[in-house]
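I've put the structures underneath this note.
Look at the two complexes coming up: chain A is in both, with chain B in one and chain C in the other.
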Partner chain A sequence: MNDKSVRIEDTNTSLTGLGRRGFMISAVVGVIAMAATVALGAAAGDGMRRLGYTYLISYAYVLSVSLGALTFLPIMSVTKASWHIVIRRLAEVMAAVMPLLAILAIPVILFAGKIYGWADPQIAASAAMAHKAAWFSQGAFILRWVIYFCIWSGYGIFFWRQSLAQDVSGDDNITRRVENLSGFSIMIGAITIAMASFDLLMSVDPLWFSTIFGVYYWAGGFVSFFAVLTLLTFGLQNTGRMTRIVSPEHIHDYGKGMFAFTFFWAYIAFSQYMLYWYANIPEETNWFLERSREGWGKLGIFLIFAAFVLPFAGLISRYAKRHRKMLAFWAVWIIAAQWLNLYWVVMPSFSEKFVFGVMDVTCFIGIAGLWLAAITRLAMGHSLVPLKDPRLEASLRFENA
Partner chain B sequence: MKQGDLYGLLIEFESPSLLAAAAMRVRDAGFKKWDVHSPFPVHGMDDFMGIRGTRLPFIILGGGLIGLAAATLMQWWMNAVDYPFVISGKPLFGLPANIPIMFELTVLFSAFAAFFGMWGLNGMPRWYNPLLTSKRFRRATQDRFFIVIEARDPAFKLEKTREFLASLGGSEVEEIHESAED
Partner chain C sequence: MKSSATDYLNNTSDDPRYTQELILGGNDFTSITETVSDIVLERKTPLAWYVMFTITAGLTGILFLMIGYLFLTGVGVWGLNNPVGWGWAIVNFVFWVGIGHAGTLISAILFLLRQKWRTSINRFAEAMTIFAVICAGIFPGIHVGRVWVVWWLFPIPNFQNMWPNFRSPLLWDVFAVGTYATVSLLFWYTGMVPDLATLRDRAKGRLQQIIYGVLSLGWVGSHRHWHRYEKAYLILAGLATPLVLSVHSVVSFDFATAQLPGWHTTIFPPYFVAGAVFSGFAMVGTILIPARQFFGLKEIISLHHLENMNKIILATGSMVGFAYATEFFIAWYGGNPTEGFAFVNRAFGPYAWAYWIMVTCNVVTPQLFWFKKLRTSIPVMWVLYIFVNIGMWFERFVITVSSLSRDFLPSSWAYYRPTIVDILTFLGSWGLFFTLVLLFIRFLPMVAMAEVKTVMPIADPHSGERHIVGDYHGDIPEHVRRKGHK
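Then we have the complex of A and B:
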């Protein structure tokens, strides 16, 4: 039951006292982990190829979380939702770090020659690649990434700036302006995220194609976004911030988001698999063939349980969705499982046999650490809650029916 | 009209806040077989009435699992036992081909379980409710709020319960009877 009298003034909505420390710790951990990753990559003695692949995986994963935030915001806006207002700033900050992710994309472009099949002269010379040659060139690839990041950064910063401006002016027109541009942002986001997933992950094997791949990538990112949002909220609440205003009712909605999009992800993943399994055309099934032997098949079966069956069963009850410890457990679990899913998507193109090393973990910690440092730095000096949003009151009083 | 057995006692209130306050007192008095009636949902009423969580989710889970099992068995029996027929070199019982039907029947049976389970838990269908014999009760869909305590409640004692209801600050207490059988 929500305390009806809860007011925004009753809680600490500032990062003061935590922000600097949080920024320093995550930045230092991130840099050390990245340095360790580079050292391990150099020690592998394959001209940094292994490093390129693991960087791609963790980068694609962290990017998908920010892209999740970037789709969450306009969807909430066009539906005129109010439940999320108290936690909206957290999503805004996750979307607004797009420029950092643009910088982190540079290594992917530098490694492109080592990790993407289309950069391999032997594959590029095959007849199946002839009509794709113009699309898959270094120049076109870089140009597309510039376009993606102009659009994503533009929207991410737009949502962030408008929201901060409303903190000062309290102008209701800002809410309407964001609403008007949100519909377009959903459409543009759908197209650019799909295209980016083709470029980032699918073109590792440029002979394989899947039209649903963009949704597959986005769904994994969206469910991870809810998981990260849950952990960020709990982390802030454990240090005495945003307490009371984020009630079990909001937490319940995090649980619903994780539950629903766990299933959505599985639905899409299976849709992709089943059509290829049924049609059984060599150029389409080869991708799955590579991922079903030499240990990769076992990982695939494991993922069915880790990324779908177990979190689905674990989050199905209302009780679990409102239980903080259980929800935190599943949030960590989902992040690990979805990261592992991208590992399964990418790594078999590097090695026919299953591989896994310390480098994969340190690389993820490195990129995640830098990302966390950036969102902390960005949020410092601002309220953690949009203080003058017209729907803030409704959000404070929100109850699940 | 002849009167049948006593069904319960009805009391009327003029506002949702009076209803909510009264509901809390009925709850605290330990009654179990009682209900409130309002033209619109009153926020927080579940808590005021002390209603505990519903068993419906478990019924739905059962329905879903039965649907899943039914779809699996049906397809296995049809494709691999009763009329084995090799299609595009696939196994007679290949799991991926069967999953869409397994998913659909799980959803369908869950929906049936939710819909009819809700009927069952609410004691539906029934031809009429004794409350409909009360003229005053017709305003339950317009602008009045009601509490009814049923006679089958273990804590129900006609005179004491009548006094208790009268103390809640509503209108006069009305006896509701089942309609007599001819």
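Then we have the complex of A and C:
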């Protein structure tokens, strides 16, 4: 399927002509949607509590996509993979956008008093919370977020800068240097992502705990990363960029990524649910109990199909993984399903009854719009493909065989 | 496609411009066939083989003696006490099941990921999977106490309408391990058919011709055969991939569904899977290194292969370390005093010695593989493999025994000590494992010849100026033939 003669010069690898427009549109849409969200949040008349929860959900989701990119890059690097080189720049901008995500974390910290159980004086005073009072003091919470973002931004920008430097110098040592630091980045990434998921999402209910929660959050983000990557690639190709160089062989791998991690996510979600359901210890099942009644249970069952069964069945065939329209459909589907999964994780702590509103959608559009504007801004003025990567040639000739 | 290294056996360069050559020494199709099949057909069985076989067969004999003694006397011959009702039998079961996982990962997941280097080691690893599962399967069978009703493990319709408890993870184990054994065996055998046919064609003895002939199922290497073979292989790889996750996940359920502190935690399934792959790779390495040395396979199982294995060991060992840390953190975070106690007790209680052996061997020493010099040094890696084998056995020991020995009721706490029967049974299972490995080495092709050939540059008809013709007996042009070739 791969065009044997394709060269990097045969395609448009620059955002010129699209970048400014794309940046403006997504930034404006993002700002308007955020403004609408804030207005709706204020109108709700609950002291912005509802807004705080929905912000947390969409923020955690967008962050998980960038964290997916931040784990994708070093994994590819340590395995000396070559298939992904033609699309690596897209993952690089998704990871390099960490400083923006650090800024977007500020509202979470500001809203902490409204969304996190540990900030509730009544819960904080309970005996079960006594030993982690210091852990959940505001100072410690903020300090941890500073540490996470220093590490993530550092790595995200490192991968991005090194790759840009190689565009100029074509120095193979850059590939080696990135490779050498990637292993450590995977390890430190695993620890920080797990801890961040405990802080960001699990501590909404500070009495509940699950050792697998970090893997659960990461897996949802990783599958979403492949979905976003698919849509970005298709979007660029539809405007005549990166055509030919990203072949059905690469697209096939996107499909494999989505398929494999849909399954992996389900495996993790099942492990978490089944083990708590089976042992039936009240302090552990309580979290699931809240999420299994008043409409939340129906959403949970819906998610089994939406986030696992349907995309699994839909992506199993080779045909579907190489069919652009079908793959785009499943990419959108997976993004929606995984976002909905976080909704199911967080929102029942806000309301015992199922709620869903315009605010939830506008908030997602707002954060996603700002994120898209930022990655577009980062990608402007540089090639969309790492032009002098030593493995670029192998990537252009890549075949699934 | 040339190695930039000077030493022809060192293909571990990190130069991103080149893809490492996997098969070294100018081997061609013919030489691969001869190197591998001569071990089985031509070479005189070395004396060392007979010596080792005698030892391992002796140990296997001890295993069966111990099992006989157990059957005649009862599980009281083991060191079990109250509250430690699960002792070495379960530890050994989990240990051996785990060993098998490298084979499944290499044959299934690495196949789907198109990792060409897998071809040199997959046959060996898959064989070990099957032998490890055989060793593992013995223990649940003999630990039931009343062995004469061991068939109750299986849901066999019977006149009493007695069924096993489908809600018990122990029954899920029967299904999980049963499926695993079946699929692994099919996978191993399917992959071996073309090679068995090669042996059949090269065998000189009548008996060998008949046996390999029957086993190779009439394979003639026609296009249709290859087409179906590759389809079947892909489907089996797809089926085996979830098995890599499921088997050890279900084994972890044996512990994690219980309410016992130290057992009941949600990270167990992926943590057990990572640990299984970790221990499996270490065991493959432990045996592969002497085998490649002894049978002159250094050009086929190159340093690059071993380095890749070591990287997987480093990755999975770190995952295991990550799981240990997470468990500890959540034991504190969750605030359950019994859970917290279970972990403090592991690290500082009466089994602290076992715990620190586990941490040292599984988390600390594998970190040495960060250094290229160490992960490409044969003696270093072999020692580290042994450490991992020890560490992973102790991991299962720590999980099983430390949690049970100090349960909720301090008045019933007890220290568990294995008896000589426990020890001899475990040693015997090693004997059985190595006996099977030795038989495998002697009678079956140790390397997947047909698969290795597909990853050699000369297999690609479009590769440069090489014009390759012929079948696997290859009329290879003289200039690519190895010098001094038979």
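Here, the second predicted complex is superposed on the first by the 401 of 401 C-alpha atoms of A that agree within 3 Å, B and C clash if a C-alpha of one lies under 4 Å from a C-alpha of the other, contacts with A are read in each partner's own complex, and residues count from 1 in each chain.
What we mean here is this: a residue touches a chain if its C-beta (ideal position, glycine included) is under 8 Å from a C-beta of that chain, and two chains touch if they have at least 3 such contacts.
Bear in mind that the values here come from a model prediction, so they are computed numbers and not experimental data.
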Should the pairing of chain B and chain C on chain A count as a clash or a fit in the superposition? clash
Have a look at where A:Gly183 lands relative to chain B and chain C in the superposition and call it first, second, both or neither. second
Name the contact category of A:Phe198: first (chain B only), second (chain C only), both, or neither. second
Could you say whether A:Tyr278 touches chain B, chain C, both of them, or neither, answering first, second, both or neither? both
Quick check on the superposed pair: does A:Gln338 touch chain B, chain C, both, or neither? Answer first, second, both or neither. neither
Scan A:Ser26 for contacts with chain B and chain C and give back first, second, both or neither. neither
Contacts for A:Arg391 in the overlay, against chain B (first) and chain C (second): which applies, first, second, both or neither? second
In this superposed model, does chain C or chain B come into contact with more residues of chain A? C
After lining up the shared chain so the two structures overlap, which partner does A:Thr11 touch, if you call chain B first and chain C second: first, second, both or neither? neither
Regarding the shared-chain residue A:Arg318, is it in contact with chain B (first), chain C (second), both, or neither? first
Contacts of A:Asn400 with chain B and chain C, given as first, second, both or neither: second
Which residues form the common part of the chain A surface touched by chain B and by chain C? 274, 278
Footprint of chain B on chain A - complex, ascending: 1, 270, 273-274, 277-278, 280, 316-318, 399
Which positions of chain A touch chain C when the two form their complex? 78, 80, 128-129, 131-132, 135, 172, 175-176, 179, 183, 186-187, 190-191, 194, 198, 207, 209-215, 263, 267-268, 271-272, 274-276, 278-279, 281, 283, 390-391, 394, 400-401
What residues of chain C sit close enough to touch chain A in their complex? 14-17, 19, 114, 242, 245, 249, 253, 256-259, 264-270, 311, 314-315, 318-319, 322-323, 325-327, 330, 332-336, 370
Chain A touches which residues of chain B in the complex? 43-44, 47, 53, 57, 61, 88-90, 96-97, 99-100
